[in-house]
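Here the structure comes first, spelled out in structure tokens, and everything after it is commentary.
The first chain written gets the first letter, and so on, giving A, B, C and D; residue counts start at 1 in each chain.
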Amino acid sequence: MTGRRSFVIALVATALLVGTAYWRIHRASEVSAASDQPIPFSHRIHAQAGVQCLFCHSSALRSDVAGIPSVQKCMGCHQTIAADRESVKILADYWQRQEPIHWQPVNTMPDFVFFSHQPHLGAGLSCETCHGNVGQMDVARQQTNMDMGWCLDCHLKQPQEKTARLADCLLCHK
Amino acid sequence: MTGAGVLTGMSPTVRRVALEPFVRPPEEELPGRATWYASTCRQCPAGCGILVRVINGRARKIEGNPAHPLNRGKLCARGQAGLQVLYNPDRLQNAVRQSGGRGSRQFKPIQWTEAIDQLSSAFKSLGAPSRVAFLGGLMSDHLLTLVSGFLKALGAPPPVLFDLHTALEGRAEATDMARRWFGDSQAQGVPLPLYDIARAQVVFSFGANLLETWMSPVAQGRDYGLMRQGQAGGRGLLVQFEPRLSATAASADEWIPVKPGTEGLIALGLGRIIVEDNLGQVGSHSEHAHLYRNVSVTDVADASGVSVETLRRLANAFAAADHSVAIPGGYLAGLGNGSQTMDAVLALNVLMRRLGREGGVFLPHQVPAEPFASSASVSSFAQVTDLIERLKAGQVDILLIHGCNPLYELPQWTGIAEAIRRVPLVISFSSCVDETAVLADLVLPDHTYLEGWGYQVVSPGADRPAVSGQQPVVRPLYDTRATGDVMLALAARIGGQVAQALPWSDEVAFLEQNSAQLLGTSSGIYDAHTPAGFWSLWRQHGGWWTEKPLRDEPEAIGTPTGPLQVSPAVFAGDAQQHPFHLIPYPSLALSDGRGANLPWLQEMPDPMTTASWNTWVELNPATARSLQVDNNDVVKVVSPYGELQAPVVVYPGIRPDAVAIPIGQGHRDYGRFAQGRGSNPLALLAPPSEQARGSWLPWGATRVRIERTGRKQELARVESLDGAGREKLR
Amino acid sequence: MSQADPARASAPSEYGERLLLEARQDADINQAVLQPMFRTGPAFWVLVTILGTLVAWGLYAWGYLVYWGIGASGKNRPVYWTLFITTFVFWVGISHAGTMISAVLRLLKADWRRPITRGAEAMTAFALMMAGLYPLVHLGRVWKFYWMIPYPNNRLMWPNFQSPLMWDMVAIFTYLIGSTLYLYLALIPDMAMARDYTGGWRYRLYRALALGWRGTEGEWHKLHRALSIFSVAIIPIFLSVHSIVSWDFAVTIQPRWHSTIFAPYFVVGAIYSGLSALASILVLVRRGMRLQEFLRAEHFNALGRLVMVAGMAWTYFWFAGFLVEWYGNEPVTRELIRQEVAGHLAPLFYLQMSANLIPVGLLAFKKVRTTPVLLLAATLLVNVGMFTERALIVIGSLQRNDIPFNWGTYRPTWVEVSIVVMTFAGFALLYTLFSRIVPYVPVWEIKEGRLRYTMRRIGRLLVPTAAEIE
Amino acid sequence: MAQDVKSSVEAAPRWAMIVDLDRCTGCQACVVACHAENNIPVVNEQQAAYGRWMHWIIVDRYWEGEYPNVKARFTPVMCQQCAQAPCEPVCPVFATYHNREGLNAQVYNRCIGTRFCGNACPYKVRAYNWFEPEFPSPLTEQLNPDVTVRSRGIMEKCTFCIQRIRRAELDAKAQGRQLADGEVQPACVQTCPPSALVFGDLNDPNSQVSQLARSHRSFRLLDELGTDPAVIYLKGGETNVPG
């Protein structure tokens, strides 16, 4: 009898342990919950207003990172546009104080991964391929869990003479 | 895993994601891509051109500027470590006052306005302008010009310049020598001579550590490479004359372990042989025969311990080569008979007609603009001792100290500490708390050279006139302020002719105006129509230099009419009591100790001993055996004027009658990486003898004795002692 | 076989060795084996506590190592492997005795093995468990150890089966599983026996472990089949395991490691140290559990002989290896030999040689072999020697390499030592508890042995005859 | 090399380095440059004294002869990037392996720290993170964002500045051209004052390294071990003063 109870307890304990471990490991890379940003910024509104991704994230074509627009760039439009909105007022305050805005990263990569936007856009990928249709979102979220399997999945589908290079660890890990 | 990872360090890497966009980005900035800014290295006086890799507003790497005529894209270890000057964890973050009084080490932050108020009021309430003193060290030329102008207008004596690095490379003495030989009648600043190592077939270096810290090591290192493998004429030859086998001697083909103080005699001996046997293809030597009239080769051999055969062999080699040069190095300047020795060495070039010849001796061409003319920015050691006397006599009320750390860099006998204590108001511009700052009332930290403006006239080393421009590559990390701006602000406050003498709103205006002086110089690599245009090009290129090589041919108008004299060197301490010659030498990593707060340089292995992080005492194996000490045994080194303790390094490349100790460690303050580590051999130095006439710091003219302590201390070495320096077991 | 027949009773004493426990009833034997399990006096608990504390301390040390990094141990560049790997090799060596005894001797039908098989097999299992810890302990990032396990993953990453460490893992696990099963199989009948003689938690435990053994012909037949299959199957594993361990070293080009003789040399060394360890343990257990009447002079005698032979073999292989090194005169190896003969490795070297050679001489005497104390001394000495030997191979060799500029030294730290001690204590602890939970002497094997021999009267004299059972 | 793209797999370079011992002055600029470029942690005096320094390149200094006829020679030693690397087969998790450009890849985030490669390497050029590296703030700002910061328990070594190679390749690709010879320069090569170090592609017969490799002075470290290194040394010359 006692044996059975202890067995059950042990079972539950292990289950909990495994569960937490799994959650810990996958929480980082899973499609993440939206992180709260210093300013309630909506991609949807801007997309509907016809702003292209590359207008704000302008360095994606030429650099590793897509780039977060400078306060100056934001103010470039918001001097006049929607200047009375609450969220824009917050922005204006930052500009007043000449203080950088600490945006929360949405798409994170472990820092032993060296990803560069430029070659991917060069290869003809579109932003949506990896980031999903951010234009439909009020709050941007990570759409795909960007783990190594996900990268390889695409790299190995490339023309056969390229795969040797595209599957080399040193391509992304340095 | 990331979350847990950061906590426990179990993630493979430390996560550093900062999403901090600019408020208003610099127009050249592209997020995620490096921007390279051209500037000037200030780790030593040479003034190499650098490019700094800046990403998202942070400097990440320093590299040589390939376009720069001095270093051609190359850089030395200390130059590479410049980042840690900028990001040093022990930097002062704002102006501070010592609240607990001087020496209390209690520093209280103060506002800059407050600080300048105090300064100006002090200047206003100054009795006589002569009661101000400015002690400058490794300061860039623009600041020197500003400060000189300031003091001149004030009617105060000009700034006194001293830093141990330039003292050890013997800049002042080299300048004197150049003035004696090449200076015209109205002896104004004659630049340092320039030795064309790259194209020489034979280089005789007398105690010049060309490849370590002397003058312009990067340029000389580059030339050395060319001299070895870059010449059509075949592999060049380097012979090194010095009592200790330095890293330069290690690269040399032959090392002549000279008895300290007899380098000059050897030079005379060589000259004598050349004259006697009429060696070389330069025709008759009769013109210079008188220089060597009363030299006896055998006496030279006896005195120096170098055999007559060797002397003849070397004389032949030197004379036979079409391109050969003899270089009087910094070590000579530390000897009692320094000036005579240097003359004797330089005379070899004159004798062999090497002045202005390929692979010979040149003088750098002046930069064709007034502000950049004064290049030889050194004071004689006499001026330093005079200043100290004035301080002791209480004739100074305000002492400003920039770019040097006299408490560390001057030997005790100068009594610098007491002297400074005498001064009512002491201002230090040091960017971190060093030994001197501890004795200051106010510390007004200057920008580090990666945050500040300036320029440096390149001398010597470049094959053409060049000015290295210095510009900020990052926004200042802390609330520091450029000393130039402080002086200007002060001048404005004082008003009167001082304010008129320094009319500029800030440093940059001053620099822009000065740079514009070169506007319309046809020989430059660039030119512009407007000062503004010129200024932007200046910053782009990191300075200004001429398109083509341009050097002057020196005329030996000052050649002595009588025979050359080299009197025997006098050493402090008698040979019985103190049997060993002390050879303190600048550490390749820490130079004169200003590198001691940079972890990269602390851990950098010394090329010869592969040791790091500490001070050591180099002994010849025979000497060590006779003293019954071995590696890592701590010995006490005692001179008539002081003593220190350090572990032994048994060093095959040093004379048995000499002891070598690297300079650079032994800081009492100066940050976590420097303080309380090793000891400072300057403590052993003796004051100048009669012979030295107090004209310079005789750092090579002291005798010491060695005492065993019985203690052991494991020195951090890369080399394994078991391996005993062998390459292979075969 | 319930009744002791008169002929047996009147057997001459010189046959006593063969006719084990002649005068005993089966029931008595059962009791004689079971009783010691229940005798847990204060001494026992004291022992358990001491061992327990040592293990706990060792675990703390391990935690410390993981938290601060491998730097907490005395390793450096170039001495990347030290006490951990040394002890690992040592334990794997120890583990070789068990199968040697029960598998090899079972096949050879050496009857004297019967009372000591279980002790030996238990030793194998526990030694392997201890050995198995080290590959984890010495990892720089132990929390990533699972990357060595081939499991499918979307990163398409697999372990590198070229690496000796992978061979190691496979070999060790195979051997551990094999030997544990082997131990358990031979345990089943005794579990049943214990089940029938005990109550309380022991009863429940034994009932579970006995798998409802009833002792029918069919069951006995299957058991014997299984055991004989196992004993054949496990011998190649037993030979391979230490060969593979030796290849950890032999496949590198590190001078002194890069040797072709390592595999057999290591195996022989393993048997040597294993058998010695077994002998030592038997002496101690015999004393501790008062099993004098089961573990008798003849067992020690035979075991002693084996150890002696293994010792000779080891000496031969050592000399063979040394000869090649010495004659090859490869500079670094020469330097190492110099260090061993007259350098900083000399103390270890002479300890190794004396501790390994002296016992061979001692064990030549029957007096030594049959006197427990002397046997204990001799065999302990052997294991001191073997540990030193491993230390010399692993740590000694790494201090020298082809570029004298990079030679190194090594000073152990408390962390390393604590962890090494932990495994010794852990082994002892497991073994002690084991001896209190499981019949240390395999009752059924003894009984079986009894059955093999009977005294038959032929004419006027009694002749011992052996029956074929297995 | 890259001219023939007929083959089914893209042609790859074979990166190699020349070390001209006749030029090397032992000035240690390469050592510090390497620290700065590759985020190599600085340990401390005690650790360094115990042989736990992390330099990826060290300048061996060898003594010859006795005073007064004593000579010292310098030999910079970094990872030799062997074609037949002893360190590669022993790694149980492929953290170190041979890549298509002839580099000994060291994948930090894959390394589990068995240190087997360190034992296997005959040149002993692999450095191990004995403890968590320390960068007291703001020294963190000096870290090169293109290079992983290794945590404790990870083996690291010279990578021929792979991050610079990749950067140059990307830029060349973006501008649609081939890499030029000498375009890629590891930190040590870039800074070396006497230009004792040269870097380039051995598969390109016209590259500077290929030409220097054909010099009569060329040799390779511990060549007898058959590791086929990609680092080629040029013997230091000996000119004795005639007489």
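To be clear about the criterion, contacts are C-beta pairs under 8 Å (C-beta built on N, C-alpha and C of every residue); 3 or more make two chains touch, one makes a residue touch a chain.
Predicted model, so just to flag it, every value in this text is computed and none were measured.
**Q** Which chain has its C-alpha centroid farthest away from the centroid of subunit B?
**A** Most remote chain from subunit B, centroid-wise, comes out as C.
**Q** Looking at mean CA positions, which chain is nearest the middle of everything shown?
**A** Answer for the innermost chain: D.
**Q** What's the distance between the Cα centroids of subunit B and subunit D, rounded to whole Å?
**A** Inter-chain centre distance comes to 31 Å.
**Q** Provide the C-alpha centroid distance between subunit A and subunit B, rounded to the nearest whole angstrom.
**A** The mean C-alpha positions of subunit A and subunit B differ by 51 Å.
**Q** Counting in whole Å, what is the centre-to-centre distance of subunit C and subunit D, each centre being its mean C-alpha position?
**A** Between these chains, centre-to-centre, one finds 46 Å.
**Q** Rounded to the nearest whole Å, what is the centre-to-centre distance of subunit B and subunit C, using the mean of the C-alpha atoms as each centre?
**A** 68
**Q** Touching two or more other chains, which residues of subunit D qualify?
**A** Residues 51, 53, 58, 60, 62, 108-111, 132, 148-149, 151-152, 154 of subunit D each touch two or more of the other chains.
**Q** Scan subunit A for residues touching two or more other chains and write them down.
**A** Each of 62, 110-112 in subunit A touches at least two other chains.
**Q** Tell me, which residues of subunit B touch at least two other chains?
**A** Each of 10-14, 16, 718-720, 725-727 in subunit B touches at least two other chains.
**Q** Taking chains as nodes and touches as edges, what kind of graph is this: line, ring, star, complete or other?
**A** complete
**Q** Could you list, by residue number, the parts of subunit A that touch subunit B in their complex?
**A** 24-25, 27-28, 59, 62-65, 67-72, 94-95, 98-105, 108, 110-112
**Q** Sort out for me which residues of subunit D touch subunit A in the complex.
**A** Residue list for subunit D touching subunit A: 5, 7-10, 12, 97, 99-100, 103, 105, 107-110, 146-149, 159, 162-163, 166, 170, 173-174.
**Q** Going by the contact rule at the top, pick out the subunit A residues touching subunit D in the complex.
**A** 62, 110-112, 114, 116, 118-119, 122, 160-162, 164-165, 168-171, 173-174
**Q** Of all residues in subunit B, which touch subunit D in the complex?
**A** 9-14, 16, 55, 58-64, 71, 73-81, 83-84, 86-89, 211-212, 217-218, 221-222, 224-225, 228-229, 235, 237, 239, 245, 247-251, 253-255, 257, 309, 312-314, 316-317, 320, 477, 588-589, 599-605, 607-608, 610, 612-614, 620-622, 652-656, 672, 677, 714-720, 725-727
**Q** Tell me, which parts of subunit C touch subunit B in their complex?
**A** Touching subunit B from subunit C are residues 67, 141, 143, 331-332, 334-335, 399-400, 402-409.
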